[in-house]
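Take a look at the structures listed below.
Here come two complexes built around subunit A, the first alongside subunit B, the second alongside subunit C.
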Partner chain A sequence: MTTVAARSSSILTEPEYRIEGRDKVTGAARYAADVAMPGMLHAAFVTSPFPHARIVSVDASAARAVSGVRAVITGADTRPARFGRRLQDWPVLCWERVLFIGDRVAAVAADTPAIADEAARLVVVEYEELPAILDSAAALAEGAPILHPDSATYAYAGGARPERSHQNIQGHGVREHGDVEAGFRAAHRVYEHTFVVPRVHQAYLEPRASLVWLDGERVRVVTTNKAPFALREHMSASLGIPEARIVVDAGHIGGDFGGKGLTPDEFALYHLARATGRPVRSVMRFADDVQGTNTRHAATITLRTAVDRDGRILAHTSRVVFDGGAYAAGKPVATLMPGDAMLTLAGYRLPAARVEATTVYTNQVPAGHSRAPGQPQNSFAAESHMDLIARDLGIDPLDLRERNVVRSGDIDITGSAWHGTDGHVLLARLRAASRYDVRRKQTDETDGTGLGVALGVRHVGRGRASTVLRLENGTLELHTGVSDQGGGAHTLFQRIVASELGVPLDRVRVVREATDAVPSDPGVGGSRVTPVQGSAALDAARKLKARLTEVGGSLDGDHRLEVTGEASQEGHESSMYGYVLEAAVDVETGVVKVGRATLVADVGTVINPVALRGQLEGGFVFGLGQALMEELLMEDGRVTNPNLGDYKLPTIADAPPLDIELITEHPGPGPFGAKSVGELANPAVGPAVANAVEDASGARVMTMPVTAEKVWAALSARR
Partner chain B sequence: MSTHRLRFKLNGADRDLEVPADRLLIDLLREDCGATGTKLGCGIGVCGACSVLVDGELVSACLVPAVFVDATAIVTVEGLARDGALTPLQDSFIREGGFQCGICTPGQLIAATALLGEHPRPTRDEVRSWMMGNICRCTGYYGIERAIDRAAGAR
Partner chain C sequence: MTFEYHEPRELGPALDLLARHGQDAHLIAGGTATVLLLRQGLLRPGHVIGLRRIESLGGIARTSDGGLRIGAMATHRAVERSPMARAYSPALTDAFASVATIRIRNQATVGGNLAHADPAQDPPPMLAAFGATVTARSSRGERTIPVADLAVDHFTTSLAGDEIITEVVLPPIVEGTRAAYLKFLPKTADDYATVSVAATLRLASDGTVAAASIFLGAVGPTPIRARRVEDALRGRARGDIGEAAALVGEEIDPVDDARGSSEYKRRMARVWTERTLAQLLR
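Let's turn to the complex of A and B:
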């Protein structure tokens, strides 16, 4: 049960009805695994059972002899090809060393999936085990094995790779502003806390699937990759095929949550398709995905903050170490760190700060992007840290945040002036909407219930996009390369174009096409769809209006017009959101029950009210999973809970009552003043839960997830 | 491996197929019948994405051997709408945000159809207890609950 309150209504009064809704409720919607071709073969992979080992020999003769096997390829066939979104450090198939359990050594194409699996089991690989790096602290220790001794030869897209002080570093950043030393010298108190956040998986339910075949000179790819143009670029770079010869077709994406910008299968499938002359498909099992693709980064985060007598922050330093796993290939950003790796105390006025973040190589599953990359980790640390400071100073946690929250022009963790939500407005709305002052008096340790507060910040998406709008005899068609991952992109475009042109929604068709038919698109990610791709749709509608004026025609006339809408958002606008969340703790068992939650979010103008609400509600429960139950349990480099029986996700019974209040009166840079919401709601749920648990029971949990075992242990330590 | 001849009804249409003994129902539907509306999720009977009705009973198609469906009538998501008209539940899922990416939706709809068959006006607890076996990673479930409530009211 949720409620939503908004002070202004949608720009369109017409109810939202998903363009692809009918297809999705009738089973007609096509996902990559639904596509089959005549004569299609099925792929299976041979993977390393060791976290770090040298490949001594590979013998595929027994596998090749199996009836129905059409090709077996090994690293010897694909070397030296590596792939990656920014740094190409991940071998298509390994030929020299394997760097994690799940690293691929050989690939099979066979008539059926069962034959392919059987043949993969018959490939004999002799390994010589090597010492493994299993945690990020070990990566930079003296004498640590160097995992990528040849990294200087790896391709890095977009200029020179930033300098590193150690070869086991993937990416590193330091940023400083103000007089940090002076801030600490003047402090009334200095607080230092260390937090640990484990690996989690994005846990989309759609299996990763891809299908590759050769069509004359062309390489055709059907995939779950949510950034088809980027995949085309990566395949071209890795396989040495011109981009124009590669056609990538991504249909509906069955959940992404940041993970499907990287797909490891297509590269080897290309080799198998070439070897056999037939289409080859791979549909990954959930467990193989968990052990073999890219997870969210585990992190160890140390925050140190100096405050004055009133709790005002004078200076802040932080050190974050992310476990990047065996390859950096999943990270698209130039720093080779999770996107917001360096926002350790976001949303607060910081006169001086020094932030240092590092991503290191280990012999673990590679880590890549996941909904709001870097933020759940940093938000858990920062918002727990703020609560610990408030408690120690005897200041109410919401009051402490009010004293420090950013307002327009304040210098924040980035060292630049804040452009975005007025923090006082956000917190005042959160206080009122949650009836904080009344409930604060009603909940405390004596009845085992408590309130947790957490603040969150997210930039509005940036980048470039273009889209084509055609008018032909009164019919409007928007052609886009955006594959919808569930956020409602196509419905958004329809509503924008219809609204701008003043026509009924059903007059605007949205046609998604493969990479050979539409202008290049950056893909779904980085909170980009509404502000950037949405702005391109708006630009297209405006250009069409201008063209009609030029030719003196109308939308209903006998015209054939085509315009290309373009958008570029390079602004640094941010949005803010906050939670007040109630939790009850059973002090005998440590079991946490989350009660009513209030979310106030600055969303700007609402274009798709149903989808927007869904993103916020879904983001909340997504965050609740990481807060309470999700953790990939690692043992010597192996994920020991790689399936949804053991890796628990929230179910309908775990979703507590949620009240949402939208701040819509401060327009953002997107179309009609819209902002982004896809990654706005999930990061701060973790600390809101941890803070509510301490408020309810006195137990402070410094690591995610906040499980009954940890709460019980913390309670026991206090007794 | 031995093969078995299966005769069953899929969404009202007669099917007659010869399949290997180890065929799973999900592969029978998706690969042999081309009915790809039913989705593979976790593959171990936990997530509910592959929920179908076999003689009215709610089952996970990724767990059931295909040979078990001989002489049964199966309903999948493709069989819910009649002559192009969506059921109240299907329509409510669209209007109330009962899905986003849509991958779990066929299973959610099948499970919810079974729920409304059993409890035409389910209480909140009945909805939450019945739908617990169908994971949705996108919606946070609130839209699914609203959709079921709306459809129950429309009946």
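Let's turn to the complex of A and C:
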């Protein structure tokens, strides 16, 4: 008889086997683009070639005449439907105006993708071009065209939309604490710097794909969306169909990096499926994805900081302007800004601060969520700013951070007491692990080499989740609505349940199900899976354990037990991480070669040791790409490098050695003391590189990415 | 994308198909370029002629005079790994080994590369610097074209529509000639060159430069011969090359793109020309 044992900690220390690993390696795993239905049609879209234009007329007659075309719909058929995660401002198909290159005007369903594409080309749209807003500064300029004059009519989920001072503002926030003016008056020095961060793309390799069909009263959706319950809610709101009639199935997701919380296709596919009575699928080309969906926000960030003689911060003000693009639809948070838009100097003790952030409408590709929204932008600004201050004051950059870093209870940029990693512990570990003092001396003595330091902060995920754990005929099955986007969620749940019940891993099956078969789930995002969904899995295991006495304490036999594990994680705890990395600069060419890097991260209890390292290493390389090379090059609203041949990502040959040291002894609020790790690596790479470059060469680059050409130009200007 | 696919086993039928279908036919060798063009809708041929089964187009061998013959269908990887190619010149190996990734090099062919005529490719400047020629066959006959004259503009060659490149022939190397291929990659290891420099150089007995052949990639519509640099180098001693290298800026015509501004590329062409020459004169 199998009884539950005391909690098995050995399960957590063994390297994990990924539940879905075999299917992925053998090719058995099915992604949304692999799913086909009998009689399925293929969709193509007609998109705007102009960043801003009035639609004068749409003539689809030639497209409808093509053999194999089953339906052509236009904005006239879908109006007034709009979609969005919080604010529904994005038309399913435009009927009056188009607001960016790539905005959709018509959709085709046809027997093959080639026929659909051909028909889409035959739709004749007459446009009247309008003046376009191509950068965020122009959005609020006098006489700027108002891009959303009817915004008062847009649905906004969860209450009333916050007031705005200008119609081209998507979201706005101001926060102030302490006596800012007194802080600046008392300053030994005041520093002000402006930083610019460009649009970048998440660059997942799995294409976005969606398949929609009508099954009697039901609307069935297969999708790459990582938050299927949220998509169900959005479709319900946008299309006027009760949620109970929509079933969303999101299986394996081949890369997300924050971008797959918004999917623009399902809404039009529903209309096409209704018009044809057949399943309709769309698989997005990478170039269309880059030009058509939610990129990271470009930002202009001005930081102003007052310090005393020792470099201690007295007061801080900041102004952040994000280019939100044509629609705010991709942003799920109530402020309609990237989640961490207002954390402009995170991780430091701030007696007084005033932060102002704004997201504006422009005629660019809509910006949405991308890994650690708002953080890479603000981290680049803040950690570059700290280094510039240290350099000017003649204080070592790590010393300056030690003087200002938060400890528990200190007031930080949020105006509240810091709960999380003790900054001194983190920086001491970083100093030791990187052999900072020795390497500082070495790099100081070697021309063209330098060290860069950067500190990073990320909240532990919050929210509510529930999951079902079922014991039936001796088998434990955890039923979850969480799609695994590569982070290892299902393996994590299996290990938590097996560990808590003290049973071998193979006694626990994890079953992912569509929205009609499991309790509502908030989806993957916000560093939520481990602390929230993981806690729900642990709660389920504990509840099951408590009820085992009902069946004689044994897991074997033909009895059936079902419990629902729940978790609500509303605390405001944060973790810290820090980098020391070495860079060598070729002064003739500006080429930056990142050498050995050290990452220290406060991760709490480790559940998936392999995936955890993978998350940190992957986050580092992700950050390195954005630090050194990634940028969507825009020309009059058009992306000019919309392919992975020109939009380069680091390859394995470009990844420098990374030493990782984990701080595990301070438990977090997640299961068994776990924290979140998904974003404890990527945002601070950019400033660590920029800081190392200045240390190595004297060239300071104030814009991301820190390309060879920018370094070369900065060095040329100094000569 | 629909077309009729042909896969002849001999060159003759391939030439006949090409002659018969003219503009409506497109050749496919390794496919690394053609498939991208097809998928992007930039090519819409009615007929695609696959060359992979034509055995006479393969092979790498030394020629009787000490040169090297590379069959048009030899892959980049095959050249990279060929002891005969390395014996001819390690710089030839370097040029092929610096193309993209192993996956691409295992698929992309030497003839396909030359016919594609992307000015940022690695092998063409090196082959041109060695004075290589291609053999072009058509149903009308055969002719020899210097690699230096093959590309005439971006993605445009001097090949006639009915011609197929069958081989590349490198002449014997004059005793004492040194060669190098340097590729400037400021972003990733698998990228196209921002600037590349291929050079061969022979020293006279007094240590001065007797002859030089220098071609640059990615800084104009075709590989560009740096004639002024070559002329200025003649008779110079090592340690006296900076002035000659500086002349490269007058010969090239780089464009602004994702790999850098025109100005930056112009400056980098000079830096990398100097570095290439310095390596050859070490």
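We take it that the second predicted complex is superposed on the first by the 699 of 719 C-alpha atoms of A that agree within 3 Å, B and C clash if a C-alpha of one lies under 4 Å from a C-alpha of the other, contacts with A are read in each partner's own complex, and residues count from 1 in each chain.
Going forward, a residue touches a chain if its C-beta (ideal position, glycine included) is under 8 Å from a C-beta of that chain, and two chains touch if they have at least 3 such contacts.
Note that the structure is a prediction, hence the values are computed from the model and not measured.
Look at A:N641: by the touch rule set out above, it reaches subunit C but stays clear of subunit B. After overlaying the two complexes on the shared chain, residue contacts for A:P228 are found with neither subunit B nor subunit C. In the superposition on chain A, A:E588 makes contact with subunit C only, not with subunit B. In the superposition on chain A, contact is made by A:E709 with subunit C only, not with subunit B. Residue contacts after overlaying the shared chain place A:G461 against neither subunit B nor subunit C. In the superposed three-chain model, the partner touching more residues of subunit A is B, compared with the other of subunit B and subunit C.
Of the two partner chains, subunit C is the only one that A:M629 touches; subunit B does not reach it. By the touch criterion defined above, A:L649 reaches both subunit B and subunit C. Touch criterion met: A:G254 reaches subunit B, while subunit C stays clear of it. Taken together, the two structures place residues 645, 649-651, 653 of subunit A in contact with subunit B in one case and with subunit C in the other. Of all the residues in subunit A, the ones that touch subunit C in their complex are 114, 117, 588-591, 628-629, 633, 640-641, 645-651, 653-654, 707-709, 712-713. For subunit A in complex with subunit B, the residues that touch the partner chain are 1-2, 15, 17-18, 20-31, 33-34, 36, 203-207, 252-257, 283, 285-286, 485-488, 610-611, 613-615, 617-622, 643-645, 649-653, 655, 658.
Contact residues on subunit C toward subunit A in their complex (touch as defined above): 1-2, 41, 101, 184, 186-192, 257-258, 260-261, 264, 267-268, 271. For subunit B in complex with subunit A, the residues that touch the partner chain are 30-31, 35-44, 46-47, 49, 76-78, 80-81, 86, 90-91, 93-97, 99-106, 109, 124, 127-129, 131-145.
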